[in-house]
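Order of writing sets the labels: A, B, C, D and E. Residues in every chain begin at 1.
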Amino acid sequence: MTEMLPVLAVFLPMLGGVLVFLLGCGPRNAWSVLTVMLSLTPSLLLVQQVAAVGTVEHHLGGWAPPLGIRLMADGLSALMILLTAVVGGLVSMHALGHFAERANAARNFWVLWPLLWGSLNALFLSADLFNAYVTLELVTLAAIPLVLLAGSAQAVNAALRYLILALFGSMLYLAGVALVYGLIGTLDMQLAAERLSGAGWVLDLAAALMVTGLLVKAAIVPFHLWLPDAHGGAPAPVSALLSALVVKAAVYLLLRLWSGPLFEPLSQPAAAWLLAGLGVAAILYGSVQALRQRRLKLVVAYSTVAQLGYMLLLFPMAGLLAWQGVIYHGVAHGVAKAALFLAAGNILYQLGHDRIVDMRGSGSVLAISFGCFALAGVSIMGLPPSGGFLAKWLLLQGSLQAGAWWLALVILAGGLLAAGYVFRVLRAAFQVPDPDAEEKLPEVRHIGAMMRWPMLLLALTAIGLGFAGEPLLTLLGDVPGRLG
Amino acid sequence: MIYQALPLWTLMTSLVAALVVFAAGESRHRLRITVNLAAAVFKLVLVGVMLLGVLRGDLFLVSFTILPGLDLVFHADALTLLFTTLSAVLWLVTTVYAVSYLEQRPNRARFFGFFSLCVAATMGIATAGNLFTFFVFYELLTLATWPLVVHNGWPKAMAVGRLYLRYTLGGGAVLLLGIVALNALGVPGDFLAGGSLDGLEKTHPGLVYGIFLLLLLGLGVKAAVVPLHVWLPNAMVAPAPVSALLHAVAVVKAGAFGIVRVVYDVYGLEVMAELHLGSLLAVVASITIIYGSLKAIAQTDIKRRLAYSTVSQVSYIALGVGLGSPYATIGGLVHLVHQGLMKITLFFCAGNFAETHGVHKISELNGIGRRMPWTTAMFTLGAFGMMGAPPMAGFISKWYLGMGALQAEAYWVIPVLLASTALNAIYFLPLLYRAWFGRPAAEHEPAGMAEARPGLLVPTLCTGLAALGAGVLAGMPLSPLSWVTFIVGQEYGG
Amino acid sequence: MSLLGALIIVCGLFFYLAGTVGMLRFPDVYSRLHAVTKADNVGLGLLCLGCGLLFQSWSKAALLLVIWLLAVTAATVGCHLIARNRLQQGDDAE
Amino acid sequence: MAGLDVYALAAAVLMGLGFHGLVTQPHPLKRLLAVNVFGNGVFLALIVLARRLPDGPDPIPHAMVLTGIVIAVSATAFGLALVRRQAQDRERGDD
Amino acid sequence: MTLSLFDGLTALLLVILAWRCLVVPDLFRGIVLFVVFGLLLALTWARLDAPDLALAEAAIGAGILGVLLLGTWRALGSPRSGETPASSLSRWLQIASGLGSALLAGLVAWALHLVPGSEGGAGTLAVEELPLPATGQPVTAVLLDFRSYDTLLETAVLLMAVVGSWLARSSLLDAIAGNDATTDTPVVPALVRLFAPVLLVVGAYLVWAGAHSPGGAFQGGAVLAAAGVLMALGRVLGTAPNVGWLLRLLMVLGLLVFISAGLLLMPTEGSFMAYPERWAGLIMHLVEYALALSIALSLLLLFTGAPGLRRLG
């Protein structure tokens, strides 16, 4: 049974999507709920198995690599699958409420999202360079139509831009894979890691192509242009999924490759510092942009640009602590960002707009939404007690141990900038409305439990991650590959 | 197990109270008050039990592994109890005061929720067993106090809130850097009597010195050490109970308490002396004492004058700790409690003046003594305490500080103390004179007595008399002085 | 036999060349269409014939014939549509 | 081998052209074409590499390219739908 | 010698076509050049011993994509969009981009020159191990057996692209049908009547032939889709606002058959998509036909751009 779980984690969600495609959401969303169950069960079982027995592998079609494709669930995969399950499960619940009045959008959402879920799991389980390309494309092509659910012209523009860049990114990645295959004739990551040592500058070029492609997909700073519009313009649950999970997919692959076949090229100081420099640029630029946005969802979207930057700081530190820190950051950010987007979406839904200036005094009316925003914001700022804080702690310690003290300064500065944009929103909520302006607050729409609880649970999880470092990092285990 | 985990439970009482208050919502006034008071009383009982336990020599320690090799540790030693007792008592009193103060105002659920959270954070700071745990609650305190500072929601309050965050979060970041640097060098920063550097000062003296500066910088923001004090006088826009709490227990004391912990339980007196860090601290503290007093004289607003007084007085603690002799330590630590009691009394009084008669400026105090005799009497007690007049609590602190300075052969401190006393007199005596003997302005019709509401007055009386008692009864067992002597005995004896 | 096949193929190529030159050089749509369809259909036919001779197999030859017929039909229809479209657009323009 | 290196060169040049087109062309349809040109360069490189096996062409790059073509065409078709929608929106905006 | 002249010319032509297609200001010309580029690429695949790819490129890459591109050009409609605006980048940036591209091309070319053949790798194994009659052809063996997982996932990509196109709500067929010359000429329906059956037969043949010679589900599916496109253009098929359940089922049939065959046999066979030896051939054929149907329908729907299809008169 254990060996089948990886396969089930990929295909049960996809079957769910196909089911909804054929039959619709069903009476009272029965099929949607069933789909969520189908998706959650194998994911959670798989994580539990990995925690219990360690790495789980599956040779597809019974063919061992290099001929066949291998699925592998190690600690890192399990952690990402767990993140997807938790965020995905709760966002699904929110989506049931969010799309309640839009049957058509609901149906499309429930087709695409389970497919996306399966695709994400497929990517996290992939141990094959080319299969990773296919799964990356799956993730992208499931994600972009979701952006369209907003239906606006802006969403269409963002989607098109996203598509073109994503397609280009994956082609770059594929070019790198082609070179690697030409060098050693295998696509399996493990085998490639063993055979590639000392492959010279062709491998460096391959690494450069693959990494650039992934950076484009991950919206790291010079390639971030599509992200704010796409994430800021999509419906709230979609934004949450995109920011929490989809952009992480490309970063995940980058980390996976770093710990495997691309270890040598990416460990050269020049490459490591170049990547970290991009990360620093992302942190500073994204944060400053977030400070300048007028719309709440754009603030949150730019925050994603900034937060992704932290994950690139790993390369010059290259130690166990930094590895744990970066991945914990990914997890914590995923949960917190999903909570932020759901909160922002709820605020938008309740007020009918998300202009920060016009939110004055709405804090007492929208106490729960703003409360969740604040809780998740704590994690984004990296303040205790939260998952973001533990990640920051690990990263700081890693950077100091590696002697990269100025990275520590950047991390701290990033936290302060994040505090700037989070508190800017909260300030609007706390401020009393201008007594001179006789405007009363507009009618506030009520949100149901289905939209309230997932947001609250995600926000609490973001805080709770501040106490869950031990079990999760034990699940993650050592750095796979050569560094351990 | 439950007994051993008492430090955690004291924290949990406030935390649970906060959650209940948040969950109950705005309209459940009675439930909110009941929960708050019950939690405060219950906490007091727990702290009492712990106090006796520590006296008996029981071990209170509970820890959770948060990251591999990093624990969240709660413990209770004598120093912890000094701070927890102060907080628990003052929380109860301030809750009563706040309930009365905020009657009929909006957003009370939010206020009391964050108020409880703030106390929980203070408890966490007091019971923290290592620097990591300390930092967690130190930052939580920042987060929990911000909503209190901006509670009014006026543009002025929001601006001050921004200033407050800039200072405290910036300080927090510096502190974090220092703590992480220690951890990266392999020192988990456990709070152990005599220090826990494990000889690091021998191998990396430069780093250890630098890290101390980082820690001091980070903690100095909350302790309002000059020039990091700017937020404090501005934070006066907050409602009176918040000011009282910020000044007497929560924020500034968190900083001061942190300095105490770092000096005694992380670095240890030997290292402090070896690297001449103690004298550095004492000099900084002295500058703050004088500067704060001078600035206080220039203020016309009562609360702002009190605020600058706080800036000055809190640094007595740092001074005592920095001097590093037993007597000076006693003086510094006991001032942690004494200053709390006196300053909270003063702020309660200022709140009473403002609430009852709308008096904010010093110039408006004329004749208030006849209309609010009880409040003014308490104000007088507090003010004399601050000046260090016997037999008030403040006198004890200053006496021990002076003795300690002589013991440490730091003779330059004596003039500082004398000057500070003189300055205190200069900025407090005019207030008292106006209040008791000043002629009310013409438009004030001199109606008879108009005291503050009982809900405001009773807490004021309690703290004022406590401040008096702490001085008069200093020789009794379990008085702040004897407890501090007990602590110092442990620190220097062990 | 194979020589004959090769000769026919070369012939077909010539027709193709002529058609292409016509398409490039002729002044308007109609005459271009004329050049391309006529010349190319013949060219393709000759090509198929030549290949059939080279393969020396009846079944393959039949297959080539089918291909030629289909291509001719498609070219005819395409030519018709283009011309018609042009005619309508030209009418609109004037 | 030498004859086939011409195709390797072509593959590399196609990638360069595609990249240049993507950077410089503003029209989304052109950008889609540029990405496709780039992709075809990559595919060509894969097939050139497949020929370097001594005993017959390597089927694995062939399968990879086939998969790649289908993915690229799917994505491009979707992109074209978006381009049309963009034009529709713009027309509606003009009215 | 002649062959390398041919190679040189082809490669040169490929590059020139790609270059022209990207730089000509006229969109229509660009598209036509791209289609020609695709056809030449198909020829190149054939030359490089990749007949499967040649078929796929001709049918999918040049054929279907060409129709889509031209249709989109048509749908953009207004003459303004005929000329694409010149680059908005400054001259220096353009030069920088050009230099960067040249550097990229140079590096890749040099790397491709250096890369050795991957002897003894997966490819050698794949050629040596041709276990089943159903997959007698190496490429088919890789696609449907060794790396069938990739094939399965790419079918899902196609499905998502179709759903995405629906969401874009921009029906291509409706956009180009309104003012088309095909509307009132009897020639087109006649052509459809003649060609559609031929294409259907050819498509089916390609699927069937995939096992032992070039062809397979994708190539066959694309030809079938071409038949559909022809019928749509000839007004035999039209768009409908909604999808019937049958159409939906057909769209996901390949995916469903593929997944369920894998999942159902997993408990007995031990791994996903491992089939018992006796049934393997049958299952793989079944999968191929189902895939071909789904691919054909998906490509057709990508062309019409509307969710549904209906028969016209």
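Following the convention adopted for this analysis, a contact is a pair of C-beta atoms (placed from the backbone, for glycine too) under 8 Å apart; a residue touches a chain by one contact, two chains touch by 3 or more.
If you're wondering where the values come from, they're calculated on a predicted model, not measured in any experiment.
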Exercise. In the touch network of chains, how many steps separate chain C from chain E on the shortest route?
Worked result: 1
Exercise. When all chain pairs are ranked by how many C-beta pairs they have in contact, which pair ranks first?
Worked result: D-E
Exercise. Farthest chain from chain D, comparing Cα centres?
Worked result: B
Exercise. Among all chains, which one's averaged Cα position is nearest the averaged Cα position of every protein chain shown?
Worked result: A
Exercise. Taking mean CA positions as centres, which chain lies farthest from chain C?
Worked result: B
Seminar exercise, completed: Per the C-alpha means, the centres of chain B and chain E lie apart by a whole-Å value of 73
For this session: Return the distance between the CA-based centres of chain A and chain E, expressed in whole Å.
Result: 31
Seminar exercise, completed: Taking each chain's mean CA coordinate, chain A and chain B are separated, in whole Å, by 42
For this session: Two or more other chains in contact with one residue: find those residues in chain A.
Result: 130, 134, 137, 141, 144-145, 156, 175, 179, 181-182, 185, 187
Problem set entry | For chain D, residues contacting two or more additional chains | 15, 18, 45, 49, 52, 58, 60-61, 64, 67, 71, 74-76, 78, 82-83, 85
Problem set entry | chain C, residues touching no fewer than two other chains | none
Seminar exercise, completed: A full list of chain pairs that touch reads A-B, A-D, A-E, C-E, D-E
For this session: Please name which positions on chain E make contact with chain A in the complex.
Result: 107-108, 111-112, 114-126, 129, 145-150, 153-154, 156-157, 159-161, 163-164, 166-168, 245, 248-249, 251-252, 255-256, 259, 262-263, 266-267, 269-274
Exercise. Which chain A residues qualify as touching chain D in the complex?
Worked result: 130, 133-134, 137, 140-141, 144-145, 153, 156-157, 159-160, 163-164, 167-168, 171, 174-175, 178-179, 181-182, 185, 187
Problem set entry | Contacting residues of chain D [partner chain A, same complex] | 15, 18, 22, 28, 31-32, 35, 38-39, 41-42, 45-46, 49, 52, 58, 60-61, 64, 67-68, 71-72, 74-76, 78-79, 82-83, 85-86, 89, 93
For this session: Name, in rising order, each residue of chain D that touches chain E in their complex.
Result: 2-21, 23-27, 29-30, 33-34, 36-37, 40, 43-45, 47-67, 69-71, 73-78, 80-85, 87-88, 91
Exercise. Which part of chain A faces chain E closely enough to touch in the complex?
Worked result: 3-4, 7-8, 11, 14-15, 18, 21-22, 58-63, 65-69, 108, 111-112, 115, 118-119, 122, 130-131, 134-135, 137-138, 141-142, 144-145, 148-149, 156, 175, 179, 181-187, 201-202, 205-206
